[in-house]
Every structure is written in C-alpha cells, then in structure tokens.
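The letters A, B, C, D, E and F name the chains in turn, as written, and every chain counts its residues from 1.
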Amino acid sequence: MDAIALFFVLGFVARLARSDLKLPAQLYEALSIYLLLAIGLKGGMELAKQAPMEVLPQALAVIALGVVIPLIAFPILYKLGRLDRFNAAAIAGHYGSVSVVTFAVAVDYLAARNLPYEAYLPLFLVLLEMPGIAIGVLLARLGGQWREIRWGTLLHEIFLGKSMVLLAGGLLIGWAAGPKGLEPLEPFFFDLFKGALCLFLLEMGLVAAAQAGALRSSGVFLAVFAIGMPIVSAVLGAVLGTAIGLSAGGTLLLATLAASASYIAAPAAMRIAIPEANPGLSITAALVITFPFNLLIGIPLYHRIVGLIHGS
Amino acid sequence: MDAIALFFVLGFVARLARSDLKLPAQLYEALSIYLLLAIGLKGGMELAKQAPMEVLPQALAVIALGVVIPLIAFPILYKLGRLDRFNAAAIAGHYGSVSVVTFAVAVDYLAARNLPYEAYLPLFLVLLEMPGIAIGVLLARLGGQWREIRWGTLLHEIFLGKSMVLLAGGLLIGWAAGPKGLEPLEPFFFDLFKGALCLFLLEMGLVAAAQAGALRSSGVFLAVFAIGMPIVSAVLGAVLGTAIGLSAGGTLLLATLAASASYIAAPAAMRIAIPEANPGLSITAALVITFPFNLLIGIPLYHRIVGLIHGS
Amino acid sequence: MDAIALFFVLGFVARLARSDLKLPAQLYEALSIYLLLAIGLKGGMELAKQAPMEVLPQALAVIALGVVIPLIAFPILYKLGRLDRFNAAAIAGHYGSVSVVTFAVAVDYLAARNLPYEAYLPLFLVLLEMPGIAIGVLLARLGGQWREIRWGTLLHEIFLGKSMVLLAGGLLIGWAAGPKGLEPLEPFFFDLFKGALCLFLLEMGLVAAAQAGALRSSGVFLAVFAIGMPIVSAVLGAVLGTAIGLSAGGTLLLATLAASASYIAAPAAMRIAIPEANPGLSITAALVITFPFNLLIGIPLYHRIVGLIHGS
Amino acid sequence: MPNTHKCKLVVLIAEKALEDKLAQDVMRLGAHGYTVADVRGRGSHGDRNGTWDADRSIRMEILCDVKTAVTITTHVEKAYFLHYAMVAFVADVGVLRPQKFSG
Amino acid sequence: MPNTHKCKLVVLIAEKALEDKLAQDVMRLGAHGYTVADVRGRGSHGDRNGTWDADRSIRMEILCDVKTAVTITTHVEKAYFLHYAMVAFVADVGVLRPQKFSG
Amino acid sequence: MPNTHKCKLVVLIAEKALEDKLAQDVMRLGAHGYTVADVRGRGSHGDRNGTWDADRSIRMEILCDVKTAVTITTHVEKAYFLHYAMVAFVADVGVLRPQKFSG
C-alpha cells in the first residue's frame, strides 16, 4: 500500500482503538488552506503554458459533467433509496462536487507510476467544485419552494467559500506568476506537498473513524450507493476524458474527480442552503465510505476502467 | 506583479468580496514567529562574517535615523494634521519603527533582480525596531505628565516584546552558530521563507481589507500622510545609506526600512504605553495605506530615488 | 554550543527575563506530532533493512533496561529522599521512560561529528517509552491497593497514548513503505526535522523557565537526584549497549535514552494513573533539571563514558 | 451589588456554520454587541468534538435588556432549533454601564 | 423571562487531563449534554497558563435539573477535588426547551 | 442547592493586550484565582474578530466574595473603561468550597 494511504489507515485504526490522538483543529485548517493553495498554484502554473482556446471546450464539457452527476444521483437516492427530497438533494450535491484530497492522491498514484497527464488538470478540479453544489440546492427546492432559495447567499457561498477562493486564487496567482515566478515558492508549496498530505490523511482517518458509528443508523442503501455511485461517475468521467482528447493519465484524473465526493466545501455550503438535510448522512457516505473506497480500491479500479475505455 | 504581492491582493480582494476565508489565528502567530526568527538567523549568520568595528558607526547612524523620523512625523501630525498629542505621538512612533514583512519583500525584490546588498542588513532592522517606539512615548508625555511614563514597563515592552526577542535572539544564535552551524537549519528557516511569507501576506491582505472601512472616518489628511511620510523617510534613508557607504542594494533596503511603518511590534507596545491613542488611526495608516503602498509602488519608487542619490 | 541547544537557551532566558514570548499552544502540539512521526518513520525505514532475528534479542535486552531503571530509582527516592510512595513511584516512572527530544539532540550530536550508529535505534526509543511508566504505576500500588489499578485504563493509556501511537505508527509506516516509498516524504519529514526541533526547543526553554520557580520548593535532594540518576542510567545503558554489540554511536544513543526522563508521555499517563502524586515534582526534575543537563552537559559526558566502557 | 445594574445574559451554543448568521441576527434584533468563543460538546445531535469543520461549535454571549433577550431567543427558537444543533439559555447578571447594553 | 424555564448550569474548570473522564462521568450521572472550552488560569495550584500539555485547563458547562446538578457536583467533589486542580460552581439560568435538559 | 455557597462571578471581556495587567490587578485586589479564555466579538469599538494581534479579546472569570467583586469592578471601571474595549458583568453563583474564593 502507498505510504500516504497508510497514514489514513493509521488515523482510522488509532481512533477505532480509542486512542486519544487528535490533530489540533488549527493544524487541520492550516493544512487544508495549504493543500488548496498548492494545488491551485500548480494548476495555474501549468495553465500558463496552454493556449486558452484549446482548454475552453474541455472546460465546458467538464462543467457539464458536474451538472449531470447530481442529476443522476438524485433520483437514485429519492426514488430507490426513499430518502426525503432534502437529504437526497444534499447527498447528490456532495457527489456532484469533488474531493481535493482524493485528487491529490490520484496525482500521486500517477507520479509513482511515471504516467503522464495534462498538468493543467487542477483547473478541472476548480470547475467541478461548484456546479454539483448548485444543482443540489436547486433539486432541494424543486418541491415548490423556489422562492426560498436565497440566490445571493447561495452564489456567495459557492463562489466565495473558503475552498473556492483558495483554489481559484492559487490558480490565478500561478497563472499570473508563471513557472519562473513560482520557482522560489517551490520548496514550500511543492516539495512539502506530499508530507502535508500525509498529515491531512492521518486526520481524515481519525475523523472518518469517529463518524463510522453513524454507519449503522444510515442503512445499507446508503453504503451501497456510496460505493456504486463513484463507479458510475468514474465511467462517465472516463468516457468524457477520452472524448475530449485527454491522455490516459488525464482521463484517470477526471474519472477520479467524477467519482470523488466533497466533504469540505459541500458540507459547509449545504448546511446553510439546505438546513433540512441531515449532515450526518452525506458525511457518512462521502467521508466514511466513498473516500476510503476511492483511496484504497477506487483509483486502481478506475485505472483499469480507463484502460478499457481509453484503450491506450 | 511579483507572486508574493499577489497573495496580498488575493487576501485583500477576498475580504472585500466578503469571502469567509480566514487564516487560523495560531497559524498567523506561528508564521510571524517563524519569519522573525528566520530574518534574525540570516542576519546573524552574515554578521559573523563582519568585523564589528566596521559595522558599529553604521549602526549608530541607523539608530539616529530611527530617532529622527518620529521627530519629523510628530509636528506634521500634531500641527498640520491637528491630531491630539496622544494620537500624533502614537502614529509618529509607528512610522519611526519598521515593518519586518516590508523588509522581507524588499530583500526579495533585490534577489529577483540579482542586485547585491550587505547581507548583515537585518541588524539594522533590529536596531530600527526600538527607537521609534520610545520616542513616540516620550512625545506623548511631553505635555507635563512625564511622571506618568512607567519607564520599567516601557523598556520591558520594547526590549522584551515578542518580536524583539525573536529578531535579536535569532540574530545572536545566527551569529554564534555561524554559516556552518546553521547549515542543517537551512531547509526549514531559509528555503521555506518565501512560501511562508506568501501565506503571511495573504493574511495581511485579509486584515488590511477588514480595516479598510476605517479609512472613511480617519480623514483625508491621514491618507496623505501615510503616503507622503514614507517617501520623505525613504529619501532620508537613501541619503544616510549613501553617506555611510552602503551599496546601492543596501541603501534601498535602508530606505525601505525608513519608509516602512510597524504594525506588529508598535501597536502592541503603544496600546499599553499610550492608552489614550486610538489604535484604529495608526493601524489604518500603517497597515491599510502605507504597507500596500510600499509593497506595490514604494519599493520600485525608492529604487529610483536611490538611483538618483546613490548615483551608481 | 550547538545551534539547537541555543534555541533552548533563548527560550529559557526570554522567560526568565519575563518576555511575553509564547508559542501558540497548537503549534507546540503540531511540532510534537511532527517530531514523533518523523522519528518513527526514520526508524521504521531503517528497520526495513534489518533481519528481524538480529534485532530481537537486542530489543528484549532494551526492554529489560526500561524495567530496571525505575526499580533502581524508586528506593533511592523513597528511602533516601523520603518522598511518599506515590511521588517516588511517579518520578521513578518518568526516569524509566525516555525523552524523544533528548534522543533527537543526541542523534544530531553524532551527525555533527560524523559518528556512525545503528540507524534502527528509534525502535529502542519506542520500546523504552512504555515499561518505565508501567513499573512506576505498579510501584505506586505496592502498598496493598493492587485492586485499585485499573489495568484496562493503564494499558490503554500506555499503548494508545498519543506519543506511542505516533512513534509506533510512524515506525510501522516507515517499515512498510521502505526507503523507496518514503522518498517523496523526505523534504517534509526529514529535511525540516532539525528546524522544527529548534522551534520545539525554544518552547521547551520557555516552559522549563516557567517551571523553574518550583525548584525552590522541591528541595535539594530532588536536584541531586535529577543529575545523579541520569549518570547512573547512562552507565547502565553504556554497559548494555556494549554487551549487545552496538557500535560506539549506537551505545551513546542507548546511554542517552537511559539517562533521559520523559516529560511528554509520562506526565500524561501518570496524572491519570497516580493522581496522588504531585506532578510539579516530576516535571521539575525531568524538565527543569535533567533535560537541560542532558542537553548541555550530559551527552558529551556520556560520550566519554561510552569511550571508556565501549573502548573503541 | 451596589455598582451594578440588572441585565440579561443570553447564551447561544450552536454549530459554527451559524456564527455569521447569528452575529447578523442579534445585531439586527437590537443587541449592541456579542462575544464568541470556540467550543466543543455533546447533546442530542451526538458528539461534536471539534476535530473538523462540520464538528465545530461556538458559544455566543449577548448582554442585553429583557426585551431584546426575548426577541433574540424567540427568533433563534423559530429559525434554527428544528434543523441545527443548538442550545440557548438566559441568566440574570449585573453590568457596570447599563446604557451600553440597552435601548 | 416568559419564554424560559428554570434550569441549573454547572460549570467545572479542571485540568485538561480530566476532560474525557469528566465527559463520561456527567453523561453517566444523568446529563443530556455538555459544552467544553479550552481555558487557562490561576488558582491554588499556581499558574496554569496553557503553554504545554500539563498546563492546560478546560471549562465544562452542563445544563441540567437540580437533582443532576447535585449528583454531579457531589461526585466531582469526592472524585477529583483532593488530587486535581479544579473548581466547580453552579448558576441559575433559564432555558428554552426544558425537556432537553431534564429527566 | 444544598451543597453550594453563595459567591460572586465577575466576568471581564477585554482586549488581549490587557490580559497580563488584569491578571496582576485581580490577584492584587484580593482574588484567589482566575480563568481566561480567548474570545472574539463586537461592541462599541467595532468588530474585533480575532484574526490578528490587535483584534483579539479575552474573557476573564473571577470567583470571589462580594467585597472583592466590588473592588475589582470599581478598579477596572476607573483604570480601563475610558481607553480600552472592555465589558464587565457580575453574576450570583454557588460554589462548592467557599473558603477557596474568599478571605
């Protein structure tokens, strides 16, 4: 198993064994700020090398993916899973959005295997962060309470939420400064990245184990959904990545993004936009099941799927 | 624009746009401890290479500069600006002292242009930190309440304040350990410096924007002062740097130090020593106007001024 | 003096001079998490290169050392020092366990002198962490209240305490991932190690000076014990290291481990397991006297002792 | 106490996600200020031990007159009690400058 | 206040080492919840300024009925007052949903 | 409550810059201890949201007898209210070991 996944396991096991290990709250915050900025900077730096007109159609296709996934997830949750509209919509929104850490682990997976990928892919991460959340909120209000949507608040929460500002801000700075300008920042933002990711995964393991108790009450359906949905999304992502001409590595990253579910940006936005939804359900699904599934099983599996679809 | 200035802009814009982005309080503290120590260590390491008798006369001249600047600023604020004695004195003290981050940005400015400078200049940073604050307090008490000055407390606050201890402590350790002894500390204290500075500037941007509202109530005079005074001080610094035989790069650093206003050490000391002063005024001037002015316009401007005065 | 020891001195002096310098609490926690993980990873990485059967007998001998030291310390404290059973047992437990930071400084001492040592020695650090604490608790309950020992809680506290989980977890991850797998983590966990250690020592200096006041009330006996006991333990460690065939460097590390007293893991465990003991006494002994003694005088002294005993 | 004046202290313990909203609400409803601390805890919504974003709680204190206290507690009861982890209580205290907290 | 009901607020200030134990104790003794904040301070055990592990303190608040308040305070008095740095006090407050804290 | 004794709880919310001074003051004026927490807030001096040094506030709690409570509140009123962001209030509480806080 990869070293970084082992940190997740360490956290998970330590918490299950009732160790008092706990990362300081502000270290968790500092690490997530750092990871978001670093990913944005890296992507922006690479974006500076691209012709914008080449990337634009890909970008639009990727946004469409972010809209489609929650539209698929919602009926499954609502009809099949018999969840109420609010919970179904909130969970759909989490799966429409993406997990930054899962993305980082997939990048590491490629790097460890020397597989190339389009280095501007963090742009897609930024683009996929938002639409899922917006669609989730719309779905929650379909039942006639359209007027209740506070558009101002919602758009604000989505575009000016902490993770969006850091990712997009990093992207813009990286793009404006270019590889030359970022050189002196490399030791901090790039060389330390993987180590910082390990610490963050340790914390995620602790948190996931702490939430694991909620598994029992959330029912079998949700567990099945939290494994099945990522696979469906990954296939969609793999097809789309192939269609828009990404390399096999880039396609794997897009598939992983599609498969991942947000547990940082989405919970914060949903808590305010859909108060009726029980946050325990979406967090159990996204963090306790989907996240470790992607980490340990999903990414290699999607690698195979991409192999079949991309055919290279 | 330089990458590190862009981080300030990101923070500033994010806050103006009412994003909820916020750096954890203890990360801010950790970063400022790190930056102060790192600057001190670097300066001390270089000082170890100097003959003390060479630096001593320069050091005395620099301390005199720290005394003169608030003595110029005070009458401007008191007579021209019609501020009361306490506020005039407190603001004068802030401008007599220096901004560590502005210094670091100026060092970076030189490095990016491959311009050489006397590497022991952090010593002057340490020397300029104190006198301004002391003069500010004296000016506040000129109106007869000399007895009210608690000299013990004041000297304690100045010499044993957090930033002084870290800067001077770092300087001493760097000097005692020398380049050889610091080698294993380089990856931590030197290679990461610029990245840490970026994070700190992001936070400064957030804080400056949060304080920006106070601009309206503080009046036009203060805004003019907060841009004019740094230019005056920079000219003084440039003349002095040339007179004491610094290189063009060293002269620019001294001019920038003179032009910069303290917003970490001075506010803390002044709050206790001159409670009658409104901290909002000095912080608006030093942090909201002078700091970004120096960052974005001042340093290149002082570079020109130094070009004229230093003539090399 | 070594640069890292100077950071301890800076903290100590700053606090004695009543500076308001203070490291943020969560930075202290973050640093200790980082140091424990890094030491574990490094040791585990090296352990991966060893044949387990070679290390096993050494490991058993080392555990025995951890049992013997508190058994020697207890009667000294109880009979000679006339401390009550609880305090004698608690202090004996602290000296049976080890100080991670002292170990790190000794490793640095060897590195600075290019002296080789068995790179898997962090394993012994992990092994020595526990037995001392357990023996301390047993000694406290010898007076008939055996039933009062909550074995579950005690074992839990010892094996699942924060520092144990991080050290042993790091060891396992390092062992599983091996040198190749840890390569991308090197910039974070290994290159930054010494700098992070400096910050931690700065904090330890502050804490030690804050506790120094308690010296007066704790009596001369404790001060003598806190210097004499480490020397006795170091001799034991040096003899054992030589006997089990360690190199001179490895023997010095084992002697230093034996000489060191825990002030992170032991206080936490003892506070719950022996509430009757006054934590001020053990902390004064371990942190205010033994720790700086080892740092500044002990390690070079043990180097000489090892020279005599090991004879190489 | 001779030098103090009667005042209400309203305390709200709630999910951190509500901090900004509550701050706006109480100011709009007539409070002249508030004080916030980061806390963790347990209640009917289970363990909220503050290790990560979704698990954090805050404790907001508002000194105000009776009328404002009733307005604030009535509002939060209606707006948040159903869907959010939240507790509210009120105490009688004495303040030093009564005009600072009332009217 | 018209919309509130009488309730006790028990406050325990203690060494951080006791946090988990106290949390278990109060739940076992009948509390329905608690809130914890990190604090520092000074008392008969000297300065506990929170710079490092052994020096940290917590402040735990429990809203409960009188009976539970007596049980909790009696228990901590017996179990911890002798050997630990600790302070306990009780205040009368008014809560909004009384059934949440009692029974 | 049967097992508690009347006591005053003085609460001071103030700029962090005052922490050390207040700690010295209250001990000098007869308190036997105090507890401090980091807080943020808003009041007549505007938003003090705690993002940086100058913006931080603390909340200090002092359990003491009436006389000390009057002394402390009178002192801080005179010494700090004019120039510093600060709020003070006093509550009646019941403590377990009354001799710990009085005399």
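Assume a contact is a pair of C-beta atoms (placed from the backbone, for glycine too) under 8 Å apart; a residue touches a chain by one contact, two chains touch by 3 or more.
Computed from a prediction, not measured in an experiment: that's the story for all the values here.
The chains in contact with chain A and with chain D alike: there are none. Considering the contact criterion stated above, no chain is in touch with chain B and with chain F alike. Across the two candidate interfaces, C-E and D-F, the one carrying more C-beta contacts is D-F. Chain centres here are Cα averages; for chain D and chain E they lie 19 Å apart.
For the pair chain B and chain D, the distance between C-alpha centroids works out to 40 Å.
Rounded to whole angstrom units, the spacing between the C-alpha centres of chain C and chain D is 46.
The set of chain A residues touching two or more other chains comprises 20, 22-26, 187, 192. Residues of chain F in contact with at least two other chains: 37-38, 91-92.
In summary, the structure contains touching chain pairs A-B, A-C, A-D, B-C, B-F, C-E, D-E, D-F, E-F. Touching chain F in their complex are the following residues of chain E: 8, 11, 13, 37-44, 57, 59, 66, 69-70, 73-74, 77, 81, 87-92. For chain A in complex with chain B, the touching residues are 24-26, 29-30, 33-34, 37, 156, 160-162, 165-166, 169, 172-173, 176-177, 181-182, 184-185, 187-189, 192.
Listing the residues of chain B that touch chain F in their complex gives 22-23, 25, 28, 203, 206-207, 210, 264, 267-268, 271-272, 275-276, 279-280, 283. The residues of chain C lying in touch with chain B in their complex are 1-3, 6-7, 10, 14, 17-27, 108, 111, 187, 191-192, 194-196, 198-199.
The part of chain E that touches chain C in the complex is made up of residues 15, 17, 21, 38, 46-47, 49-56, 80, 83-84.
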